[in-house]
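Two complexes are shown next, each including chain A; its partner changes from chain B in the first to chain C in the second.
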Partner chain A sequence: MTTRPVGLTRDLPAGRVMHAQADGKDMVVWRATDGTIAAWDNRCPHRGMALSHGFVRGNRLACLYHGWHYDRSGRCGLIPAHPDLEPPATIHATQYGVVETGGVIWVSADEAPAPDDSDLAPLRSFIVEASEDALRDAQEATSADGAPPAPEASDRVSVLCNPIEPGRTQVTVLTAPGLPLPRLRTLSRWCEAMRRQAEAKETA
Partner chain B sequence: MSLEYAKNDWYAVADIFCLRDGPRRTRLLETDITVTGPAEDATVTDDQGNRYPVQLKFDHVWTTLGDSPRPLFDIPEGDEEGRRRVPCGVVRVNCSPLRAVENFLDIAHFPFVHTDILGSEPHTEVSPYKVAIREESDEVWATQVKFFQPQAAKSAGDGIVTDYDYRVPAPTVAVLYKTCPPKPEAQDVIAIFVQPVSETVSDVWPWMALYDDASTFSEMAQFQHEIFVQDRSILENQRPVKLPLDPKMEIPTRADMTSVAYRRWLKKRGAFYGALRDGA
Partner chain C sequence: MTAFTLYNYVLSGNCYKIRLMAGILDVKYDTVAVDFYPGFEHRQNHMLALNPAGTLPVMTIGEQVLTDTQAMLAWIALNHDPSGTWYPAADPMLGPLVQQWLAFSGRLTNSAGLAGLHSMLNWPIDGEAARRAAIKDLRELELHLTDRVFEGKTWLVGDHPTIADIACFPYVALSPDAGLDHDGYPAIRNWLYAVRSLPGFVTMPGIHHLHELREGADG
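This part shows the complex of A and B:
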């Protein structure tokens, strides 16, 4: 498995939980109150409830169904039905790799290397109802003539794809840091044009 | 799978009210059927014109697709004088019928899923209770179950410790008996009759027989309906969708003794429709 971009750091503040998909795996990505991040298989070991519906309690993730707590290493620390019981160490959420670079959250199911540090800044992360190929074609087509809102070389636009399922792709767009707001707005419009074109092609 | 086994049980496919608006087109065990009223004299047919046996019981129309059906269980308390019997309509849930039953047998989720109604933190502890598979009736029973509830029923004002008994008379049916606030010597009866549309889709028919003179019929039905809609948000988000019978796939704790017995009982009977079998 490769390392996949699943969202932006700014969209996951402390205490928040999100659902992510990468390489056919359902994941929960969450940030503890102290700011540390974790990515696990999206399944509570107790009864299989999606942990992405859970809630953060301090530096632990609590499952919505019976409130079992898991610490950042994935280990179960509390079973509310038996508050005096020390949960066996075998009760453990399945952990995935997660790193943040340049404002992007990356996950991997194995110990795939983290992406290179880059000085680029995140513009947007969004889902496109189209395959990665269709998205790449649309990227090329909407950039070709160089007319606005197409990116210019100085924008240093980079488009990252995370194929979620057939015909569905998570797209993360990065740009040079410190671009002025009007320029960012223009590039946002370009993202929309690219998305429309990819989706139109997919349904054609 | 084990469709053949499942075909020889009876299933609720309509309640006494829903047929007033005309026939109900529905699916049972992946077979399209039509239930035509009136409820007292209902017919169930498939699209090929085959007619299936029907009985009216617990304010629902029951049918079976099998050639040698096991007898439909009884809930004698339902007929007691003075009880109000409330069919609560149907809730469609994208889950295994067995997961729906198992959730109904579970109390540990009350503070988290039915917050401030059937449970509330910090009252999360589940005390020891008794579980047995009763030989003579071949049913799963959990007794002496106790739980603190802020608002146990429509007729309960303040919080109380509620006593429960749970009973599984058929793979897709669960019945509970609980403390009845206005009548301490009696028990309220609440059941779910699960109509297995397929292994991963369920139509759930909650039903109650209560001593409650204060609430209107629709208030009582609404209360139960709301509770079940909260359960739906859980049931549609469990993975795998089918109930795993391999004990290594999901880790139970003491509070889950009923669920452990239920899964064992399903396995023993060969009631695998809606279940994931060992190693599968």
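This part shows the complex of A and C:
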């Protein structure tokens, strides 16, 4: 499995949980109160509830269904219905690799190498209802004329794709660091233009 | 003494806006339960006499009747928010911006709200068209909230939560039940979380309290 960008560091504050998809896998990505991040298979080892519906208690993720708690290693640390029971070590969430570089959260099912740290800054993460190919074509088409809101060379725009299912792609857009607010707004609207173009093409 | 009477249906996102605003501002009110579904009581003569439009909620303040949800939010804020921040009506820029997002919330009723009625109560409308309209609205909201993230801001308008946040909250929060997941909407997710963290927040079916904020939390 390759390493895939599933979201931005700024969009997942401490104590929060999100759903992610990469290479056909459903994942929960969550950040403990102390700031550390984890990515697991999105199934509770108890009865299979989506852990992305769960919530963070301190440095554990709690399942919404029966409240089983899992520590960062994925090990079950508390079963509320049996609070005095030490949960067997075999009750364990399936872990994936997760790293954060340049404000982007990357996941992988194996120990795939982390992407090179770039000096770019994250702009936005969003989903396009189109294939990666259609998105790449749209990126080119909407950049070509250079008229606003198209990016300029000095924006150093970089578009990362995470194909999540056929015809559905998660897109992460990076730019040069420190762009002024009006430029960020403009490039965010360019993201919308690129998405419209990619989706129009997909349904044509 | 209660402040007003709310003609209420528990599963209505528009009725919930009123309960939520009243909860946050700690305003006491009476409710009259209306059998919206399956009874369609809001379309019966006694309810049409109160609100000819045949919609819920309806709010009465003594003899005065309000039939538009956003007007009701304005009434609660103007009469029961001593801080004046929930509806900065007189501010030359914030006032109009609040109006703009109140109007947007009306669009949400007709997109995400209808998509919800279609998927939950099998409402006789074109569900696909409602969902397409809802996606368009959610993307517009995400774009705006992303601008706000760039500015380091949390709320739709200004530095404080306003009635516009309350008006836009329910149908966005409920939209996953209508098949519109929030995966591609990180700014919306964080804004929803901020609304749910407000002191005095109240729930409705499908929108619950943040477990992590509940007292007696262990772990």
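Just so it is clear, the second predicted complex is superposed on the first by the 204 of 204 C-alpha atoms of A that agree within 3 Å, B and C clash if a C-alpha of one lies under 4 Å from a C-alpha of the other, contacts with A are read in each partner's own complex, and residues count from 1 in each chain.
Definition applied: a residue touches a chain if its C-beta (ideal position, glycine included) is under 8 Å from a C-beta of that chain, and two chains touch if they have at least 3 such contacts.
Given the structure is predicted, the values throughout are model-derived calculations rather than measurements.
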item	value
Clash or fit (per the criteria above) of chain B with chain C on chain A	fit
Broader residue contact with chain A after superposition on the shared chain, chain B or chain C	C
Which of chain B and chain C A:Gly15 touches, first, second, both or neither	second
Where the C-alpha centre of chain A sits as vertex, the angle toward chain B and chain C in the overlay (nearest 10 degrees)	60
Partner chain in contact with A:Ser154 - chain B first, chain C second, else both or neither	neither
Contacts of A:Leu64 with chain B and chain C, given as first, second, both or neither	both
Touching partner for A:His53 - first (chain B), second (chain C), both, neither	first
Touched partner set for A:Arg43, first chain B, second chain C, both or neither	first
Which superposed partner A:Thr2 touches (first chain B, second chain C, both, neither)	neither
Partner chain in contact with A:Ser125 - chain B first, chain C second, else both or neither	second
Closest approach of chain C to chain B (Cα atoms, Å)	8
Doubly contacted chain A residues - partners chain C and chain B	64
For the chain B and chain A complex, residues of the former touching the latter	106, 108-109, 111-113, 121, 124-126, 233-234, 237-240, 244, 249-255
Chain C to chain A touching residues, read off their complex	139, 142-143, 146-147, 149-151, 181, 183-187, 189-190, 193, 210-212, 217-219
Sites on chain A touched by chain C in the complex	7-8, 10-13, 15-16, 18-21, 55-60, 62, 64, 69, 77-78, 124-127, 170, 181, 184-185, 188-189, 192
For the chain A and chain B complex, residues of the former touching the latter	26, 42-43, 45-50, 53, 64-67, 79-83, 85, 90-91
